[in-house]
Amino acid sequence: MTSDHALIVQGLRKRFGEVEVLGGVDARLRRGKITAFIGPNGAGKTTLFHAVTGELKPDSGRVVLEGREITRREPWEIARLGVGRLFQEVRVFPGLSVWDNVIAALQRPSDRRLGASLLRGDHSLQAAKEEASALLDRVGVDGRRDGPAAELSWGNQKLLAFARLLAGEHRLVLLDEPTAGVAPALGVRLKELIRLLAGERGVTVGLIEHDMKFVADLADAVVVLRDGKLFDHGPTTEVLSRPATVELCLGL
Amino acid sequence: MRSPPVEPRRTQRAEAPKPETWPAWATAIAVLAILLAWSPTYVSHLLVVLGIYLLLAYSLNLVTGFGGLIVFCQAIFYGIGAYAYALSRLRTGAPGAQVEELLWTGNLGWVPGILLAGGVSALLAGGIGWICLRFRGDYFIFATLGFQMIVFVLLYNWLELTRGPFGIYGIARPSVLGWMAHEPWQYALLTGLWLLALLPPLFRLYRSPFGLSLAAMREDERAAKAMGIDTNAIAVRALAVAGGVAGVAGAIYAGYVTYIDPTSFSLRESIFILTLLLLGGGGNVKGPLAGSAVMLALPELLRFVGLPDAVAANVREIFYGALLAALMYWRPQGLAGATSIR
Amino acid sequence: MNLLLQLLANGLVNAAMFAVLAVGFGLVYRSGRVFHVAYGGAFVLAAFLFHSLVTVAGFGLWSSGAVTIALGALAGWAMEAGFYGPFFRRRTTPGAVMVASLGLGIVIENGLALIYGDEARTIPSPGLAESVALGPVRWSMIQLAQLLVCGVLLTILAGASRTRLFRVVRAMGENAELLQVHGWRLARYRATVFALSGGLVAVPACLVMVDVGLDVHMGMGYLLLAAVAVLAGGVMRMSGWMLGGLLLAMLQSIVVWRFSARWMDLVAFGLLVVILLSRREGLLGIRKRAEEI
């Protein structure tokens, strides 16, 4: 177990009734690098992310984050340990304003406590406004910022979710199909933002994608899943040139 | 890479208007003074009742409006507060033969009695909340309803503790340093003081990171958890706060009417408080006020219309029921609320 | 010992009635996640219709019962057509529908109060108070009627659970959109489910009215019994609902024997909380998919 790896997944298994969704998956994500997870639909990629972030408790196996075991912990505990998540369905807070979506992400657990909130009221929220504004500009969210987030276009909702991710100062982020349903121009911006995360900030990035060109341009390493098991893994150029892998993924 | 603009754009945050709008409050107080002069007893009574229900509505707002959790048990926190106050002060009131019957009575002062009431209710609410929050959705709602029934049955049947349906009479009135309240306007004033003491901190919570986290949980619990929010913990705490404030409301009620029995704290009452909040709307400061005003004005209006008493209660209930259904269909966010029920 | 046996025998009769109540509620809940709070209203509506048919219109007990069941089914259908249907089409959130349903229940209850008053009504039925001994226990004729009618009904229901209607009901609860895509006309099935529920609830309503009588405000209590039976027994299967009813009735009897009747209501909810705390899915439930939290 080298200290190169921010995230290590060992032998994760998860069964739903008859179906074994994860059949013993191993994976390692190197710190500060972008690792893509590819494979056919139903291969278990999103399930794997759920297991890492705590939304799903695996039946067996381990998840180790920066040397610390996080298997079967609660999602909020894992988030506080530095793991960020972009959901496939995005999941902005629809009724909250665009501002509040980001401001909520900027709060620290200590601010959110009952006692602290009683004492300082909206103090930390006010203080967060400028930072929220800067983040929204950086990411380039277009739309009424004091309006409900549900009114944003799909692409802007994705950007908003990304802004929330940046606000959280995570050390590992898991992005579930970031480019799904977005126009190519937005895809380019997302690519830049992801590179920014990994490069400038040294964040470890895991990403599920179906867009092979996106993967080829962006990812340093690739993990291929099939039927809940590891099919292939390695540096991007190598993996994407192997015929078996190409065949599997073209079958998408 | 597109470079960010040189200056950050002017910030603007969408939130409920703050209650510190002095001209409006000054006018309201002036109107109140006039009404009080016109009919002191009646108007004072209305104010006390309004004050109690404002406490109940604003506290429930934290859990239901901000947290998005529908609960059917607010009345038991109200009731436990009333009983805690009543019992803890009984020896200083006009208890009669009751003290021999009852398991526990005390002779606390007025403020300690109220604080005890709030504390006991807060603890109970936190405990019940912790159990119910193991579930979500219908199961959660039904669990709160279950506890409403359980505690009501206990209040009704545990005669050694509460005298059950016979109720507790001769409850001690508010008193400070020898002076005891006995005029209606004095009660109204004291109720107003408790509102001044409890509502600003409550509103502060609404606007704080705690309140924002509750709202995040309401909007999307999974996303909130992914942001590091321990949703169970904040929900339990919100319930504890709501329970505590409801307990104080109960203590005020007990000290005002000087006789309580369990029927005031039944499921019907929980439904009433919930209706009040849903009517006015949750998630902000205006909503509960609107709801309380309308729901309390209604019986008074019906009284002026002159329906015979036997029928009035049923007509009122029909109105409430129809209103609830209509609201959920046409205006789930209520008259003045910020959010809709999920 | 004899007292316990007698109480258990009473419990058995109650179990049959609770089971029918539970099935009426469970069908609606299972088919669309609708927490049919107005079910309590449907209960008292049926009971008082029955009362009027017998005491005012002068029909016999059995014919009144049959008419009431038919009217109950009609009322159920009307609730779907005029109330729940519009909410479904509007895609109102479940919480809001539950609250609206509560409103409907309150309207029905108090509407009946305007007609019948708030006091309890009974049906004088001298012949039915006689009792029959079966070993150490006695059942009144009414209790026997309750046991037999509900027992037969439950048997029919158990057998019917294999029919297409019931399979559709279960499927609707799982994945309504998928069914619609494949062309099933959900509205019609929903209406049928509500009609069935209305007819079913009329049976215990009439039986209780004839036995001890009811007042218009007791609907909520019976709704809660039904809901506890369904949630505790397991939402997924009809056998769970019936089991829940049995458990509830037996537990009530034991509580009455060991403590006193005053604590019976506590039993219902205490039971529910305990079961749900130990097994989230209820006694016979099936674990739902993880995404379906």
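The letters A, B and C name the chains in turn, as written, and every chain counts its residues from 1.
Please note the rule applied: a contact is a pair of C-beta atoms (placed from the backbone, for glycine too) under 8 Å apart; a residue touches a chain by one contact, two chains touch by 3 or more.
These numbers were taken from a predicted model, which means no experiment stands behind them.
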{"item": "Chain with minimal offset from the mean of all protein Cα atoms", "value": "B"}
{"item": "Furthest chain, CA centroid comparison against chain C", "value": "A"}
{"item": "Centre-of-Cα separation between chain C and chain A, whole angstrom", "value": "47"}
{"item": "Distance from chain B to chain A - Cα centre to Cα centre, in angstrom", "value": "41"}
{"item": "Centre-of-Cα separation between chain C and chain B, whole angstrom", "value": "33"}
{"item": "Per-residue multi-chain contacts in chain A, two or more chains", "value": "55"}
{"item": "Junction residues of chain C - those touching two or more other chains", "value": "none"}
{"item": "Junction residues of chain B, two or more chains touched", "value": "222, 340"}
{"item": "Complex contacts: residues of chain B adjacent to chain C", "value": "70, 131, 134-139, 141-143, 145-147, 149-150, 153-154, 156-157, 222, 267, 271, 274, 278, 311, 314-315, 317-318, 320-329, 332, 340-342"}
{"item": "In the complex with chain A, residue positions of chain B that touch it", "value": "1-2, 4-5, 8-9, 11-14, 201, 204-205, 207-213, 215-216, 218-220, 222-231, 234, 237, 241, 338-340"}
{"item": "Touch list for chain C against partner chain B, complex", "value": "33, 35, 83, 86-87, 90, 92-107, 109-111, 113-114, 118, 220, 224, 227-228, 231, 262-263, 265-266, 268-270, 272-273, 276-277, 280, 293"}
{"item": "Residues on chain A engaged by chain B in the complex (per definition of touch)", "value": "53, 55, 74-77, 79-80, 84-85, 87, 91-97, 99-100, 103-105, 107, 109, 111-114, 116-118, 120-122, 124-125, 129-130, 132-134, 137-138, 140, 145-147, 164, 168, 189, 192, 196"}
